[in-house]
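The data blocks that follow each hold one structure.
You will see two complexes here that share chain A, one where it goes with chain B and one where it goes with chain C.
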Partner chain A sequence: METQSLVLSLLYQLGTSAAFFFLAAVGLIIILGMMNIINLAHGELMMMGAYTATIATHAGVPFALTVPLAFLVVAAFGAVLERLIVRRFYGRQLGALVVTWGISLVMGQGTLLFFGPFMPSIKIPGGSFSYGDFSFSEYWLVLIAISVALIALLWWLYNRTTYGLQARAAMQDATMAKSLGVRTGRVYTLTFSLGAGLAGLSGALIAPTATIAPFMGQQFVAPAFITVVVGGAANVIAGAVGSATLLAAVKTPVGMAFGAFYGTVALLFAALVIIRIMPDGISARLQRWFDRRSRSGLL
Partner chain B sequence: MTSVLSIQGAVAGYATGNVLHGVGVEVAEGEAVAVVGRNGVGKTTLMRTAIGQLPLRAGSIAFKGTDITAEPADRRARRGIGYVPQGRGIFPHLTVRENLLMGGFINEARRNPDFELVFGYFPFLRERLGQRGATLSGGQQAMLAIGRALINEPALLLLDEPSDGVQPSIIEEIGEILSDLNRTRGISVLLVEQNIGFMQRVAGRAYTLDKGRVTSELGPEEIADERLLAEHIAV
Partner chain C sequence: MSGLARLVGGPADIGRGPVFWSLVALTLLGFALYPSAVSEFQVSNTAYYLLNIPLGLGMALLWGYCGVLSFGHVAYFGIAGYSYGVIAGNLSDSPSGPVVGALGGLLVSAVVAGVFGYFVFYARVQKWIIPILTLVLTLLLETFLGQTAGYQWRIGSVLLGGYNGMTGIPSFGFGEFEFQGTSFYYLCLVLVLACYFGLRMLLNSGFGQVVVAIREDELRTETLGYDIRARQWAVFVLSAVLAGLSGLLYVQWGNYITPSQVGLLQAALPVIWTAVGGSTSLLAVVIATFALNWLTYTLSSEGNQYAMVIIGALLVVTMLFFPRGIVVMLAEHLDRLLPRARREARR
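Presenting the complex of A and B:
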């Protein structure tokens, strides 16, 4: 009973931690992996999702509906941003970096002006239950399930739909994709919009667990970037999943044994080591393994 | 004979200056035409201008009688132009199947990727469908690029040195296939090529290009003249 509840608790901590890494990073990963744009407005797009969900909840909308609403609102905002601003900076990574940074400043300051320094949070939906000595939050269990569902959905989108095929082709060789008939401009708008929408969705999901303030997005930026860099760009979804799981697997046991601070230290250290051993990220390593298997006819 | 591709007075190039100085090339329906010339005379620039990767600075391009000078590359491809670039342009991280599917947006009017048509010419691709493009050999990639351009039966194929870096026996096979595509399927071909034997097998006539200008037009008899050709191509 005791070891059983300890194992369950460890798995739970691992799951919540991996879900947090994945949710914080997913929008950033889509935009970086598919468009090679480092989106420094990522944290503010999450903030926008959190605000959308919080305001809608305070207005009486059920929380479960505010999450897809946040996705739609931030996705639409992302599409407009791409059309008006971001598309002028394709192929100039530094330019895109600066312009998205500028967007993040405007969004943060604009929110401060408009909504003030903070907003009453919404309470975490669902309750918690205990098993042995440990307690489990129902909401975080739902977040783990949503992360798994999102992974499956994104895998399907990028591997089984025309948009996904065109987006991956355009990422690898935009000129060739265009020369084969792909409307690459439209693909980029969709991709940026999707990445923004996912950031908004994550922001809404994390909102009940966070303090709602104009600069709340900043706290997600570091874990998001670490997840992305460790994951690598060869296959962004596999990379994000592998990286979120691995980082959580390092952080959780250390955190449980020595406290949250040492958990974070271990996380950063693990990220450094992984980047040293696999400079192209986890996904490149997975890909080489896949190539060997497919060449030898095992797959 | 109706014209499939008509390039007139094409001026195009890069930020460093013009490379083409008024090139004219015609391909009639069902015709296979070659462009030959030394390294660096502007053959690839001509092909990139034809598909729309480079804008025309002067001159015009028409496809099946429609002026497409101002159209971007994706629009031209959807009209039915299949492009096989120099270096083949295989998507390294897409599987063979996905690379072939990427040809499915060419020739919008048809919109029905015919895998069996491609396997008929390149049966080895069937066994490689799940493999990443980057894991194929040079010759296999050349065949994949042709299969991809072909899968929706375009009206015109633009081929930029498909034999480059391919072993001789495979070059011969590709030559047979292109010739068959042209003669039995009626697909028009514009082919840039340095390999004389390959070019002779596929093309019915040829333009010679030098320093961004067409210097001569060779008919069927002249194409057979190895010495004359060598003069135009040799470095």
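Presenting the complex of A and C:
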């Protein structure tokens, strides 16, 4: 009983932090993997999603509806951003990094001026239950389930739909895709919008567990970007899942033993060591493994 | 002597010829006479604009000349500042305390940058990973320093001070002499000049040419037999030391430092100065750093809440419409105008 509940609690901790890493990074990793653009305004897009959900909840909209609303609002904003600014930086990775950073500054400071330094938070939906000496939040269990569902949905989107095929074609060889009739410009707008929307969705989902403030995006910067760095861009979904799981396995024990700050320090060290061994991230390693398996006819 | 002239006047930076150098001499004369014309308060403000220039120069060296972008150079600014505070604070009885503190601060910055640089450059990571990891490092440093409030967080007799920061940091000086007010202004001016001309000579040297070659084409440079990892690493450490120099001057100027100096907002500033000036010219970055510090200070001292929105928007506009930097593009424009003016004057 004692060990059983301890193991269960450890699994729960692992699951929640893996879900957190995945949610924090998913929008970012899609934009990076499919467009080769590093979106430093990612944290602010999550903040925007959290603000949308919070304002809608306070206006009386049920929380479950505010999450898709946040997706739509931030996706629309992302589409505008792509058309006006990001579009000019394709193929200039460092330029894209710097310009999205400028956008994030304007968004953070603008929110501060417009909405003030903080906003009344929304309470975590659902209760909690206890098993043995530990208590578990139902909401976080739902978040784990949503993460799994998102992974399945993204896999389906990228492997079974026309958009997914075109997006992967545009990623591999934009000129070739264009000459075959793929409207790459529209594919990029859709991809950026999807990535932004997913950031907004994650922001809305994490909103009840966080303090709602203009600079709340900053707290997602470290986990989201470390997940992306460790995951690499070779295979978006495999990278995000592999990296989120691995980082959760590093952070959970260190965080439980020494506190949250040292958990984050351990993350940075883990990232430095992992890129020293695998400079292209976990996903490149996984991709090679998949390729070998499929060549030898096992998959 | 002609060798030295070649090093200073080489092609690594904009600005050549007698007209340019007489303008530089006039500007320097203006800066030298400035303290006798204005109040002590204005001298102190101008010293603040000047002391940020080494940080900007470090960014230009790393980003513009070597092609490596760091979003976390304020980490080395903060590390040097805090280290100086700890060392000089503990040696406050000794006349050489500030000198030891300054050397120690620069050394600690160099060591941290060296260890960090080893991991990223010797792993040959992709270009976009370095800005991300440097940013994460500085955010971690801010979080760490922010939770160091209380008496248990002290090194020797110096408190780290949590979010309120470290206070009572000694000014720089030798023995009895302290750099304050006007003398501190001249200290900053001399150091800025030394950094600028030192870097200009370095970049015109063989080493600098290889650094620029790495920026242009890593693979080609490597196949020509140069160890690009070691050079990128060396440039990274040097630029961190320059950031550290700014950090030292900052704590000697205000006698305090807070964790927000290594936070996200501060981290954005050197990148903005460099981008707005034009990262491929040291002189443009010097001008932009000075001008933007003046602008930020003027805007925020008037209680203008939009200061950071304006600065952020300036970065976006620069990247969209002046990708090579506003100062560099203005300089090229002037350069096209000047010879024509001279030709017409001769007629």
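Following the convention adopted for this analysis, the second predicted complex is superposed on the first by the 296 of 299 C-alpha atoms of A that agree within 3 Å, B and C clash if a C-alpha of one lies under 4 Å from a C-alpha of the other, contacts with A are read in each partner's own complex, and residues count from 1 in each chain.
The rule is short, and it goes like this: contacts are C-beta pairs under 8 Å (C-beta built on N, C-alpha and C of every residue); 3 or more make two chains touch, one makes a residue touch a chain.
Keep in mind that this is a model prediction, so the values were computed, not measured.
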Quiz item: Is A:173 contacted by the first partner chain B, the second partner chain C, both or neither?
Solution: first
Practice problem: Report for A:279: first if it touches chain B alone, second if chain C alone, otherwise both or neither. | Solution: second
Quiz item: A:59 contacts which: chain B (first), chain C (second), both, neither?
Solution: neither
Quiz item: A:228 contacts which: chain B (first), chain C (second), both, neither?
Solution: second
Practice problem: Of the two partners chain B and chain C, indicate the one touching more residues belonging to chain A. | Solution: C
Quiz prompt | Footprint overlap on chain A, comparing chain B with chain C | solution = none
Quiz item: For chain C, which residues are in contact with chain A within the complex?
Solution: 63, 67, 69, 71, 116, 119-120, 122-129, 131-133, 135-137, 139-140, 143-144, 147, 264-265, 268, 271-272, 275, 305-306, 308-309, 311-316, 319-320, 323
Quiz item: Which of the residues in chain B end up touching chain A in this complex?
Solution: 51-53, 72-74, 77-78, 83, 85, 89, 91-94, 98, 101-103, 105-106, 108, 130-132, 134-135, 148
Quiz item: Taking the complex as given, what residues does chain A use to touch chain B?
Solution: 165-166, 168-169, 172-173, 175-184, 234-235, 287, 290-291, 294-295, 299
Quiz item: Can you name the residues of chain A that touch chain C in the complex?
Solution: 32, 38, 85, 88-89, 93-95, 97-99, 101-106, 109-110, 113, 215, 218, 221-222, 225-226, 228-229, 261, 264-265, 268, 271-273, 275-276, 279-280
